[in-house]
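Before anything else, here's the structure in question.
Here the chain labels run A, B, C, D, E and F in written order, and each chain numbers its own residues starting at 1.
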């Protein structure tokens, strides 16, 4: 669906930016209000409801026992799936995931995987035969801009919330003990920080209005130690090298604060 | 596809009803002429061709050996599938089953299953590993109203017509003896009776013309003993509680006659 | 997509034909220039790039170990797939193979299979359990007419180019020795020759322009010994019996020359 | 071989009740309804009934882009019932299955009689029902929440359709089956009514019942609907005032 | 391990014939054609040939809703060949497979030359062929029945296309292969003709044949077509009179 | 059990280099670009980079038939990245997967800034990228070849977008990762630029890098782009002259 944003809105938002202001009065490095609850879906082994402003995502995890990939026989699997359900915006349509949905799931997945969030080797049960597969499902409920950062924040929280049954192998038998639920083996924490380029300025956490007029977008995934685990440029216009490098260093400060929203354990 | 029924037809049919008459001269509790043949498809282990008026359905069964559901390890499976093939009406289209087709298959399936028509435990072969799966396929050939009752009548007859190979287990081996074909283990008989509400009256076995102008529809599945095994309201207008209760008691009389059409064995 | 060919082109091509001429000056039994390279894709176990005029197809083979069909337990499998990718013509669209693509793959497959090109019994590994499945993929790059003949020529060459690992069975173990690559067991050679009927004449190797105005098409698959292994009529107008019989005898001469293009080994 | 050790607490009925969760035969599970919970949707509602968590968004009346669905003299009311992958014990694969296709159809038929569709020719009103957590009775919960979301969207209606199931479990006709009662019980009768007239807009029966048991279940479900109806109205009052 | 005990009776040829079912090399299986067997369709036909049972419905000429298929100066003739799930030994999964896609295409090409499509620009004529039971030769049976259904629908035609296969089984060129002959035989040559001119509108060959064998098979198939053609006409006369 | 005997030659680095294929850290694999290789397409290009073989066809600007994609004031640039089934070690099933959907999207975003889309309102320009053989770095190779194909189609552009990856393998930041380096390495940073301004139109990072390493990789990739850019121009000159 083509969304027509009156030129006049674009102009006014851009002009504000040039004066260092945003239409909702935030600073360029400010997120909208963030709320994060975990353990909200009892049937899910892990869950989180994340809100950034009015953007709202429900994330749930389901563990399943499955076969490892043949090239990584003693490593568990994290599978990330995203559904831009038609509930969340007037232009989202039922059907198989479209390219925005696929990109969201894949960038989220890369961010978690490359950061080494999970110690996937600890999810092996019988080498080459059985491993835990953790399905991470992003259910987008309300789309008001910046799905990327909300998706990674919610995914990180849902993974930290997840408990799976203890398993042990006795002879030929795999015993799954649902009475002893244990947390996932977490090695690292990672979050994502997205900037919109509007009127030559980069501002963090774009609102829907800002997304609709942005020239370019850059999402940077970062671990607690400040290293970069994922990056994805979007949008129909270019970025300069300088803008990219500055975005990285701003991200290092911003994710420090963002980490505070994660459960402490 | 939008089917436009001239208001004048709707008015004339409704006025007839208010005088206790139907446009094809039937009584309110009368079915159109019913014909039922079994054993018509030799390659099917069971089959029936049912006609109610001009509505015509071919039903066939195919048994397959498969795995039981994990929560019912010693119980066979009945799978009902329905295809509103484009042959049957100008507005049926090729493609995956649409919502009408899905509803028809699911209501037929519930009616047979909840009535306990088959003793599914007798279809287990090796507990937790191998059971008979009976595929019941409804092939709608000519759609002239009231598919529900024709589908259940044809399904009941096809199941009664079905013969599967005797199986026995010898050590690790399952022996399927195609030379000894035995009937399915039938416990109960059930049929379905559908009413259309038009002009405040409930009439049984709606013709296509009646279906196109009905306010509401109610389909009642009933066992030989008069108990209710399935029910499904349809249509865009409501029913009163009183109408529902009366439909149930009319169904108890009507299905008694309807049962006469089934093969006697 | 409807392709409108101006009547004037149709008329001029037809008139030329009636005078024994073709618009590109070829004789009625002449192919356009043919080029054939094998071994062009290193990751494919066999490959061929075939050009007939500007028509260009890339063919690749991939062997996989799989289970035989239950009715042919000691016979390997050749699977032919064709993709009319949107690169090749303005009216080819992304999506699952359409009817032209399916016909191309099935006719190619029948031609190879019925000619007995491969000794499929030699592709069995463990009877009833494991056989080699050879996937033959036709990737249509540029469509300028006569895909059939190009597809069979490319397929034949790719199969002749294919090397699979030697396998042996030791006890319960199947050993696949990638260090010893052996050619596929080739028994026969077969090619295909396609005629277009235009203005009452049959001409071989129709160009795109000729295809767009033809009355009927006939494709004849032939083995080296001159026997017919496949045939497929196409087009919206009929052929006479006489035309068919003559096409067969012309094919016997033409395929002799065509065989020269195959690698000699 | 995989062995699963589990000790699922199905609850034990108190002496006063036969029901595993201790409810009286005509007692609903705890219920909570909230209107206006989403920003982008034209109307929305959130409902919890026992362990069920249901979110509904309404878009429309709006232009219908699919010409063959268009009705010249009224709007169409389209419903999509969907379960989140994490809403059930075994992960549900995304996308419609046969069950959700049927529920979407009957949900649409249950809501349609209450809406003044004739005011919006050639339009669509889209109702998206997301089951975030399922614990028995989600189709009824979805219909109840959808009515509140339609009201929140300002869609003109004759009445607020409300839905509740009764059924038979452990030989007893009871209201509002829990997941365990639904699974192990003898029958389930989901009902929706327009409370002003008492007319029935949804009716199914799944399982075996005598005519007397069925009538008892139908009456019980209608009583349940009336109780839930009050909570619907409270949710709307809470959001918009009297 | 699963062991299947079976004693499939494939028939034994009589001394006079090499064929398992006792037919002469140029003998058709028993044939029955009936026109006008469905109410909703504009035209219909039912055909039995040996164990094959084929039902055909024709709708049209009617409006074509898919703009990109529309032809400005003629109708399109669309065919859909479909096998019922219970029509074959192992249940066929519903929906088109590659085989049925190809058969649908060539069936459309086989019928097109006989129909005055130019009388109905921008329209479609839809032919739905349902194989209710398959025992070898269903594509030919479908084309033969489709012509009768087109006539029953009143579609103006130059001729009644008729179809029959010949082939090679047990080293002999024979008419109208049975399922066993098709499966175990050396070659199958399905043919359709317009009997007035003898022109060929369908031709395939699957299997290995010398040029002489092929010509023999082609001639035999054409003779078979002519026999079947009479039964087509009888079916139409039976329904409509001379 | 299946045992695979293999002796895959991964190459051994020379003493001067840490890289398995002997390249210097800032050295590209052998590169070949050719413009105008297809007849039907409006523009086309063929590219080899190491073992990668990529073919690109461009159609358009042409009419866009899908109304909801149409832009009133500019053309849309649609890209389809597709791998041939035989292009990789294990046969790739035909049709789009999630990886190719994402690459198609970012490829379109990488090319869009360079094209004067505003000259062709309501139109589409379609770029079809076929990976005939894949050996690491196909998305960059596809973008580089697509620019040449766009030029060959005569599409008016601000600049020729060019793409190249850098990354980290064996602890070292290196240019243009091979398949082995991509698989076993620590990080991959694909980049596309418009060489006239140096602006970045594609940027991804997959793997773990410090900010310093990332900046080094970004700079290296941009240098690689500039080298490749010359070959793009040579290909166009070779076809059209200066």
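By definition in this document, a contact is a pair of C-beta atoms (placed from the backbone, for glycine too) under 8 Å apart; a residue touches a chain by one contact, two chains touch by 3 or more.
Given the structure is predicted, the values throughout are model-derived calculations rather than measurements.
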Co-neighbours of chain D and chain F resolve to A
Equivalent interface to B-E (more than half of contact pairs same by residue no.) among A-F, A-D or B-D is A-D
Chain B to chain C, mean C-alpha position gap in Å, rounds to 48
CA centroids of chain E and chain F: separation to the nearest Å works out as 51
When centres are defined as mean Cα positions, the distance from chain B to chain F in whole Å is 57
Where chain F touches two or more other chains simultaneously, the residues are 68
Note: chain A residues in touch with at least two other chains are 97
Contact graph of the chains (line, ring, star, complete, other): ring
So, starting at chain A and moving first to chain D, the ring lists as A, D, B, E, C, F
In the complex, the residues of chain C that touch chain E are 1-2, 97, 99-100, 102-103, 105-106, 110, 114-116, 218, 223, 226-241, 244-245, 248-249, 252
Within the complex, chain F is touched by chain C residues 41-44, 47, 54, 56, 58, 60-62, 64-65, 81, 83, 85-90, 94, 96-97, 135, 137, 139, 141-144, 165, 172-179
Listed in rising order, chain D residues that touch chain A in their complex are 1-7, 38-41, 51, 53, 55, 57, 59, 62, 80, 82, 84-91, 94-96, 126, 128, 130, 132-135
Listed in rising order, chain F residues that touch chain A in their complex are 68, 70-72, 98-99, 101-102, 104-106, 109, 112-113, 187, 189, 193-194, 197-211, 214-215, 218-219, 222
